[in-house]
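Step one of this worksheet: look at the structure below.
In this document, chain identifiers A, B, C and D correspond to the written order of the chains, with residue numbering beginning at 1 in each.
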Amino acid sequence: MSYSPDEMMCVAASRALRDRAVCFVGIGLPSTAANLARRTHAPHLVLIYESGTLGAKPGTLPLSIGDGILADTADSVVSVPEVFNYWLQPGRVDVGFLGAAQIDRYANINTTMIGGDYQHPKVRLPGAGGAPEIAASCREVVVIVRQNRRAFVERVDFVTSVGFGSGPGDRERLGLRGAGPRTVITDLGILEADPATCELTLTHRHPGVDPDAARSATGWDLRVAHDVRTTPPPTPEELAVLRKLQQT
Amino acid sequence: MAEIVSLADAVGGLVRDGDTVALEGFTHLIPFAAGHEIIRQRRRDLTLVRMTPDVIYDQLIGMGCARRLVFSWGGNPGVGSLHRLRDAVENGWPRPLELEEHSHAGMANRYVAGASGLPFAVLRGYVGTDLAGQTATIRPIECPFTGEVLTAVPALTPDVGIVHAQRADRAGNVQLWGITGVQKEAVLAAKRSLVTVEEIVDELTPVPDAVVLPGWALTYVAVARNGSHPSYTHGYSTRDNDFYVAWDDISRDRDRFAAWMESHVL
Amino acid sequence: MAEIVSLADAVGGLVRDGDTVALEGFTHLIPFAAGHEIIRQRRRDLTLVRMTPDVIYDQLIGMGCARRLVFSWGGNPGVGSLHRLRDAVENGWPRPLELEEHSHAGMANRYVAGASGLPFAVLRGYVGTDLAGQTATIRPIECPFTGEVLTAVPALTPDVGIVHAQRADRAGNVQLWGITGVQKEAVLAAKRSLVTVEEIVDELTPVPDAVVLPGWALTYVAVARNGSHPSYTHGYSTRDNDFYVAWDDISRDRDRFAAWMESHVL
Amino acid sequence: MSYSPDEMMCVAASRALRDRAVCFVGIGLPSTAANLARRTHAPHLVLIYESGTLGAKPGTLPLSIGDGILADTADSVVSVPEVFNYWLQPGRVDVGFLGAAQIDRYANINTTMIGGDYQHPKVRLPGAGGAPEIAASCREVVVIVRQNRRAFVERVDFVTSVGFGSGPGDRERLGLRGAGPRTVITDLGILEADPATCELTLTHRHPGVDPDAARSATGWDLRVAHDVRTTPPPTPEELAVLRKLQQT
């Protein structure tokens, strides 16, 4: 069964979620991956959307963060202040799922602006949303982003959400309590923060992807794990469920 | 005690040039009809406050109503950029737009502080980000018991808070349900308020997960049927996702935008 | 993930000598059955936390379980004094009781800070009262934006938080309604938690104004039928006002109190 | 129609509430007076109880602050933190209704302890509850308390809730935003804080009460207004409604 790089990325992201984990989900790829996980190996995954829906179980993929289907299927709908203050901030969430416009060697994330300066950006992006506090407070963070030299840069133009700052010890110094974005899942493979250096390192390549292709899609000298593994391809079940999800 | 009036009278009575105005609604219940009325009344120099500016603020900004935007996420949800917002920030068209930029957690807590009559709120947030360096309304604060340093943000106390809801009774008590976002806080934080509703009913029968805003805490209630379109009103309408997609094209070009506003809003 | 266990196992697994324990419920849904189980298990040196100590804390204090009380209103509602509490404070019987005394607003905000993972909360409170001079956990704090001085109180983070609710489903999700007080905050502020419920049901059908506590945020759920008596459980039982009146006599005398506890609780 | 001093007190207190006022009500006499007002001249009175019931319309008198009838008849039931933070603290409440164990010349209120010192009180009272912030934040405060020398003292043993402190300007200095307890309603008459001196002054005596009786029931040299008026006695309607309320 053939599949696209985006499908591989989505399946790999869904596999990063263990059953019964509590997951803070953004719309788009993170939501697709989380809902795929809930329909395959993680039926008890708890989905929290920043719109205030705790334990949402959407039958079809929501198109916005505040779709009615999220409220209709949630265990509880709470206010936006409550979802941030009572649920995210104290570290009750196991996994935060984030996207990025730019990400750097130390997994810092930019969704604010590119080029020029803050007052006069070349490209103005949407901004922070819930990301800075998701990146700070979730027990761990998974980033999903397509890998190319525009997105994977030596240093982000703006630190919207802190990954590992300038390297080891920075999260602790800043008082950030979650473990940070240890896992970045792309259309080419999986990058993990090196436990010693915090540098994003290619640990898995998706089937058919040469590690050199991942290196040339990266704006810094990407390290490749010496025992880089190949991601198992999507199973027919994963693909079938994913495609059914995306049809709706 | 809420007065039930027409939308035009409510906006006319509440919103003045130079005011700080918050129109809230988190994807759901966005008060588009009220925003359009502000555009029709040609208000100017507004400071617009909103967690997720969405298409309604793209329209207000593109029509030159705003001087300043206080926000935390300025995109077209699921689609991409807000082109009128970008044009204002990147090119100063139709006029320059000052930004005061926060995170969702910061904005939500700023409303909470406003609703609580406190001058500031405390959260774990912003630490290590570049936002803290760009936004003057983010400051450190020390816990007087543990010495831990956290982040303070000042209360939002808009001159006018506007939200949309499912319904009100004849005494102006308002009921909303589904995703209720930060609407209660936005109304209570504001000095004056307007709730637009789909309908006025004799009695507000209880609904699970509903928020009730007592009429005595509101200034105006106005009927605006389908007043959240292209956003939606849980139980009354569905989100017009096609419109959000179409807006990407409509808003990309200044002239096309102006023509669309001329024929659909003015 | 909440485990559904017996009340005895839940209390046995959660409450240790010396712990800080909060049993909440604002007149409604007071977890009497859980309090009685703590007495039966003869826990000692507890710091008891509760906005309104009520009869259940009178019993815990009179039975010598408590070393310290953190509270804001210690009376028998509508009746008068809590005689066991008074005897402990005025005469040190059966052992001295330290008091850490707040106002309702202060206690509520202390729970909010605990539930929010913050070390303190800010409020307008205590200023000019003698409480501020007696209670070390009340301090001034300055707004970093306006310079205004407000009051800070530290977070409550009990070792154990216990509340009573109408019902839970088999996954341990809990639903409570009626007056829901500060129960959500007390559970979320605590390191470990127990919810006693009237019944376990297959499905939690939505109820207006209900609070749902997800099972994954709780430690234990235990069935305790009529577990709030003589308080009440909205929709399941009514408040036993006669018992509250009778308690005034029962509790006035040390021996009569001991005999009553012996025959009704132990 | 004859009536008791307590009935006169309750009727006088109910008359202090204008229609459509928002009233923060404690249990006992304040609740009785407020519900009497709602059934007579103030049908649109908004009752808030600290248990979180906004706009409660109990058909019978609640016996506790958290009676089910308050939730069943409320416009909205909110959490206890919300009732204090969103509704009381910002000054949205017109009238706060308080009781007292002791009250002094400047309307400071004690509900904490009497005699001895704080660590070793002769009588330990229930404590603060919601009173300190009610006294601070409501636009105005009405106190209902039976007048005698135990309760009306020169200086309270413990300031649980601030009235006018030590006199003019104290509330402003302390940053208290409400006008404070300008009205104290007793079984003998009505005391009002003198606008110039803040001292509680007898402005109304109930029918048949000699101002000297009020003076000897007071632990300080009680001032009597030169134009002291007589409270109109309870109307038959007021008495009938009150007695019906108290039967239930």
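Keep this in mind: a residue touches a chain if its C-beta (ideal position, glycine included) is under 8 Å from a C-beta of that chain, and two chains touch if they have at least 3 such contacts.
All values reported here derive from a predicted model rather than from experimental measurement.
Participant: Given the two chain pairs C-D and B-D, which is bridged by the higher number of C-beta pairs in contact?
Facilitator: C-D is joined by more C-beta pairs in contact.
Participant: So the centre of each chain is just the mean of its C-alpha atoms; given that, what is the distance between chain A and chain C in Å?
Facilitator: Result: the chain centres lie 40 Å from each other.
Participant: Give, as an integer number of Å, the spacing between the C-alpha centres of chain D and chain C.
Facilitator: 28
Participant: Note the residues in chain C that touch 2 or more other chains, in rising order.
Facilitator: In chain C, 117-118, 123-124, 148, 184-185, 209, 211 touch at least two other chains.
Participant: Pull out every residue in chain A that's touching 2 or more other chains.
Facilitator: Residues 76, 85, 89, 137 of chain A touch two or more partner chains.
Participant: Building nodes from the protein chains and edges from chain pairs that touch, which of line, ring, star, complete or other describes the result?
Facilitator: Its topology fits none of the listed shapes; call it other.
Participant: Chain pairs in touch?
Facilitator: Applying the touch criterion to every chain pair yields A-B, A-C, B-C, B-D, C-D.
Participant: Which residues of chain B touch chain A in the complex?
Facilitator: Where chain B meets chain A, its residues are 26-28, 51-52, 71-75, 77-78, 81-82, 85-86, 89-90, 101-105, 108-109, 111-112, 123-131, 134, 148-149, 178-182, 184-185, 209, 211, 232, 234, 238-239, 241.
Participant: Can you list the chain C residues touching chain A in their complex?
Facilitator: Chain C reaches chain A through residues 1, 115-118, 173, 184-185, 188, 204, 211-212, 214, 216-217.
Participant: Going by the contact rule at the top, pick out the chain A residues touching chain B in the complex.
Facilitator: The touching residues are 27-28, 50-53, 63-68, 70-71, 76-77, 79-81, 84-85, 88-89, 112, 118, 120-133, 136-137, 158-162, 165, 170, 174-177.
Participant: Where on chain D is chain B touching in the complex?
Facilitator: The touching residues are 20, 22, 46, 54-55, 75-76, 85-86, 89-92, 137.
Participant: Can you list the residues on chain B that touch chain C in the complex?
Facilitator: Within the complex, chain B touches chain C at residues 117-124, 137, 139-141, 143-146, 148, 150, 152, 154, 206-210.
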